[in-house]
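Okay, got some structures for you below.
One chain, chain A, appears in both complexes that follow, with chain B as partner in the first and chain C in the second.
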Partner chain A sequence: MFFVFPAVLLLLAIYIIPMIVLAAFSVTDYQLGALSTSFIGLENFRKAFADPVFMRALLNTVIYAVIVIPVGVFLALGIALLVYNRKRSRAFWEIAYFLPVTATLVAMATVFQFLLHPSLGPVNAAITWFGFEPVGFLSNPSLLIPTMAIIGIWQVLGFNMVLFLAGLTAISKDLHEAVRIDGAKNPVDRFLTVTWPMLGPTTMFVVVTTSISAFKVFETVAVLTKGRSGSEVLLYALYLEGFEYSNTGYAASLTLIFLAIVLILSIGQTLHMDRKVHY
Partner chain B sequence: MLALRKYMPHAVLGLGAFVMLLPFYWMFLTSIRSPAEIFSVSLWPIPQKFAAVDNYSRAAGQVPMLKFMANGVIVCFGILIVQILTAVPAAYALAKLRFPGRKLLLTLIIAALTVPIQALALPLFVGLAKAQMLNTYFAMMMPFLLSVFAIFLFNQSFRSYPDEIIEAARMDGFSELEICWRLVLRGSLPSLAAFSVFSLVAHWNDLYWPMIVVTDTNLAPPPLGMLFFADVESGANYGALMAGATIITAPMVVCFLLARKHFIAGITMTGVK
Partner chain C sequence: MQPQSVNISGIGKGFGADDVLKGIDLSIRPGEFLSLVGMSGCGKSTLLRIIAGLETADRGTISIGNRDVTEIDPADRNLAMVFQSYALYPHMTVRDNIATPLRMRRLPFFARLPLLGRVVAKAETLREIDASVRQAADVLQISHLLDRKPAQLSGGQRQRVALARALVRSPAAFLMDEPLSNLDAKLRAHMRGELSNLHDRLGATFIYVTHDQIEAMTMSDRIALMSEGRIEQLGTPDELYQAPATLTVARFIGTPSINLLPAEIDASSNIVLFSRKLGLQADGTSRGPATIGIRAEDIFPATDGIPARVLRTETQGADRFVTCQLVDDTSICLVMREKAGTTTGVDSEGLIRLGFSKTQIHLFGSDEKRCIVRQLEQVMA
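And now, the complex of A and B:
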């Protein structure tokens, strides 16, 4: 069947064969360019969970996700609820909040570096104007992950807002009217009895996509810190092992761990997408 | 009290929008300011000395900024064209034709949807390195030549195309290729538009894969170029750095402002970025 032939060929070359090769690498001590390679079983995985750098990267990624997911989802829901009821100004708010989604994150990360600069940036200028000490957003190691989480939230808000707006549009006006007649006069009551339960599937989808993108944090680290102490994250650790240090076998095992996390997170998403594509 | 309830949402949204847009404003403002003023940390919109020409020419002179843009255009459109050429016939066959292995192929495509590029990067990189193909446009496009997402999306959209019209076209002597490209695809133009936006934005902004396969500055797409530029300037000249950031961000932002509806539809088509 020549209609599917190119697609099948590429599916083999891009997905199926590489996945097999990846699994094979992960049980060897292969290093790109090395002359000999030997089978070492699950040694790479054991090493990964004993490797303090990788464990720190895993922990930092989890901390990043724990900040980005709730704030990125619920703040976006709040914005969507406010934007949804605006009649004339809705287009303007949509543009304002969605603009960061389209912007090249690498470029915007350099802008944030400057915005948060201890002496040249307006953020610290405002902080000192209020009489506080300047904050070393990008110099204090314990603030690196929270700072990058703020940038992550800044980028994801508009995306999630649009998904919630689509979800809100799908809830019928009649339902709201019926609840209002039934005595739920208070907007908060109406939100809790109608909007929130009806938004369930949308919220689920937003949580899943936000967590997957949180586990893929990479650009901000590559630009702002190059993975220096305090900002190790999963993908950057993977990048360094696989492509800077050429520890191919070890990096393959890290990749499988990363893939396992993403797969667990995306099972819900695929089930959802199978029923309905979101747009 | 009534006035408060009326204006409160606007005030809250306005405050939020200020935070969302501040980076863009600061980027543009710094890109037209002279180095002396950068140290004054003022949000006042009109610079005392207009230094846009200096900053932008420095951004374009220090690194091949225009070359980065051209690379981005070549890579993004190259990827998009091949994606459409490979996905549309496959989706048509899956949606409208019977052939052995159809179910299996559909299952594989849905499984592949969950696999991110970062998981495939290592074996693909080794393969390209062995084939001596690192630092080529082909290497930058290779993992994206097949979009399983496009097949999935077009399959869903093609399925709703009426079978009667396809039957009638066959009677009239249309070939399957003509039916696929000239009839069925035409019925799914909104999906095609949304997918194109999705693909272009995703690859214009992608850093991970180019960072792996490209070390040659002359081949760098915009995000990698920006990274090189930031390393060269290393904070010494914020005016030029922000000018570079403005040049790289502008195309997508301008397209977004011109075609907001298509953009939002395209980008939010999937959560997988």
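And now, the complex of A and C:
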């Protein structure tokens, strides 16, 4: 019993106590630096779900996740399958796709700002060259979230690809050969019989981590749009409340909502996929 | 399907600068149990993989029955393979594992897809597949395991599932790549018997790769012993044991290993061992240094034999292996096999005199090839 004490202490100090403090803040109207504060029960949560800005942020985040998760996972799988079969150029492709993971998104966002600029950017130059109207990727409110999602995909792709490559490498060569001898002539059969089922654990991990990072979208919004109408997302709303407006109590309740969503999502996916995944 | 012959002609294969196979010619008869045996790295597995179509040969052709399959996809060669690792699909039940080769062949593409397949597949075909799976499972006595996953099976059971998956579609030939090497010794001995029975029962062509000469000896109709990318000798187990064509074959076959003694063939073809003429003559033109091989069971205590010191005695049940070091030339050890429980000719100082029957020796010339030995009328010892 005595030996677990340091670990328990660390666990309490780092995870448990901050969570309790957060929960405590969330039921008060505390503002950072305020001299007095009062207990207001679940008023913050009621207010959040009645707040059209927060609800829009929630909806935008969900739309963002719905684009980023499937595309970020399956495109990464497709690239991993292509890269896996390269012999000499494999290292090059791995590095090329992994670079965005190492690059700071805030710094890269300026590059995207240039690329997508309506008059200066090469993307719009290409679009107008084909005879279309320039697209306001970063000004048209209805395009903001899809644009963010594409940048988000660009960022998770390399990491997911590396994870899938690791998963592919772990599949025994014998299984690929067995299925060929068993009569699978076309690649789709081989993929469905061996590769896809054997990638189960990897896929589960990739889906869960991609979901979490999708719900955590923040930097691109903060840098490229500053949360302009149409690009409100959960974490940005939270940041505004907590750091710009100093509504600590309200921000704490938003944080709890955010944590609950991520937790439910991760646990739900894990439980659902665990039944299908073979280890 | 009738068992098919497999004909291999002029197969060569190199990896980088190394030639792994140097022109293999081999005809495997329909219904034959042929073992490819040799040390690791001799090319036996590569040859099997070329037959299966998993590797392509640099030159030469493979035909199954009368059909040249050299350029044909493994799926179309109608062969079944049992892997050393069994290569069972871990996410499928035993039933689905065994059904896979049939699903791939009998169901059209859309019926093999997940979800959609359940709607599209013809119920009748599925029933036929299920019946074949049951039949194969019955043959290997694994019917009670059909709903389990491979992870829930023991090594021996997995082995049976792999065999069932191989035989479910009556292939032209069975290819086996060291299928017993992951089993414990007792189960391996048991499965040897079962594999032999299975071969007799199916009457199918078996091509069996192993590095274990006992497996090859006990099960095969014929053995092809390979070394350094060549077939050293092709013959029945008895032929390989009783008339090894080369020194490599003699060394490889038999437990305990054959005893080898340095000898000489003099200018008039006399065989000289330890400066004594044995009264034997070598046929052929080989002269100079030679090697005499004597099986452990052909050595016995003899009053006028070669003096030796007993190093250790291993009792194997019915037999006893006695390892002796020669007194005259201490670099040479001989192993003698005798009936356990008998008295040995060992004296109080641990010395023994060893003799051997001159008709039972194997002579190999300096080129390591077997020389025929003739007995002279008069012994000139």
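A few remarks follow.
Following the convention adopted for this analysis, the second predicted complex is superposed on the first by the 250 of 279 C-alpha atoms of A that agree within 3 Å, B and C clash if a C-alpha of one lies under 4 Å from a C-alpha of the other, contacts with A are read in each partner's own complex, and residues count from 1 in each chain.
Assume contacts are C-beta pairs under 8 Å (C-beta built on N, C-alpha and C of every residue); 3 or more make two chains touch, one makes a residue touch a chain.
Because the structure is predicted, anything quoted here is derived from the model rather than measured.
In the superposed pair of complexes, A:F243 makes contact with chain B only, with no contact to chain C. Looking at the shared chain after the overlay, A:G227 reaches neither chain B nor chain C.
Between chain B and chain C, it is B that contacts the larger number of residues in chain A. Of the two partner chains placed by superposition, A:G167 touches none, neither chain B nor chain C.
In the superposition on chain A, A:G152 makes contact with neither chain B nor chain C. Of the two partner chains placed by superposition, only chain B is touched by A:R86; chain C is not. Within the superposed three-chain model, A:L175 lies in touch with chain C and out of touch with chain B [touch as defined at top].
Of the two partner chains, chain B is the only one touched by A:P100; chain C is not. Overlap of the chain B and chain C interfaces on chain A: residues 278. Listed in rising order, the residues of chain A touching chain C in the complex are 172, 174-175, 177-186, 188-189, 192-194, 197-198, 200, 278. Residues 1, 3-4, 6-8, 10-11, 14-19, 21-22, 25, 32, 79, 82-83, 85-86, 89, 91, 93-108, 110-115, 120-122, 125, 154, 157-159, 162-163, 166, 205-206, 208-210, 212-213, 216, 218-219, 222-223, 235, 238-239, 242-243, 248, 251-252, 255, 258-259, 262-263, 266-267, 269-270, 273-274, 277-279 of chain A are the ones touching chain B in the complex.
Within the complex, the chain C residues that touch chain A are 52-54, 73-76, 79-81, 83-85, 87, 89-92, 100-101, 104-105, 109, 112-114, 149, 165.
Those residues of chain B that touch chain A in the shared complex are 9-10, 12-13, 16-17, 19-24, 26-27, 30, 38-39, 41, 43, 85-87, 89-90, 92-94, 97, 99, 105, 108-110, 112-116, 118-127, 129, 142-143, 145-146, 148, 151-153, 156, 176, 180, 194, 201, 204-205, 207-208, 211-212, 222-224, 226-227, 230, 235, 238, 241-242, 244-246, 248-249, 252-253, 255-257, 260, 263-273.
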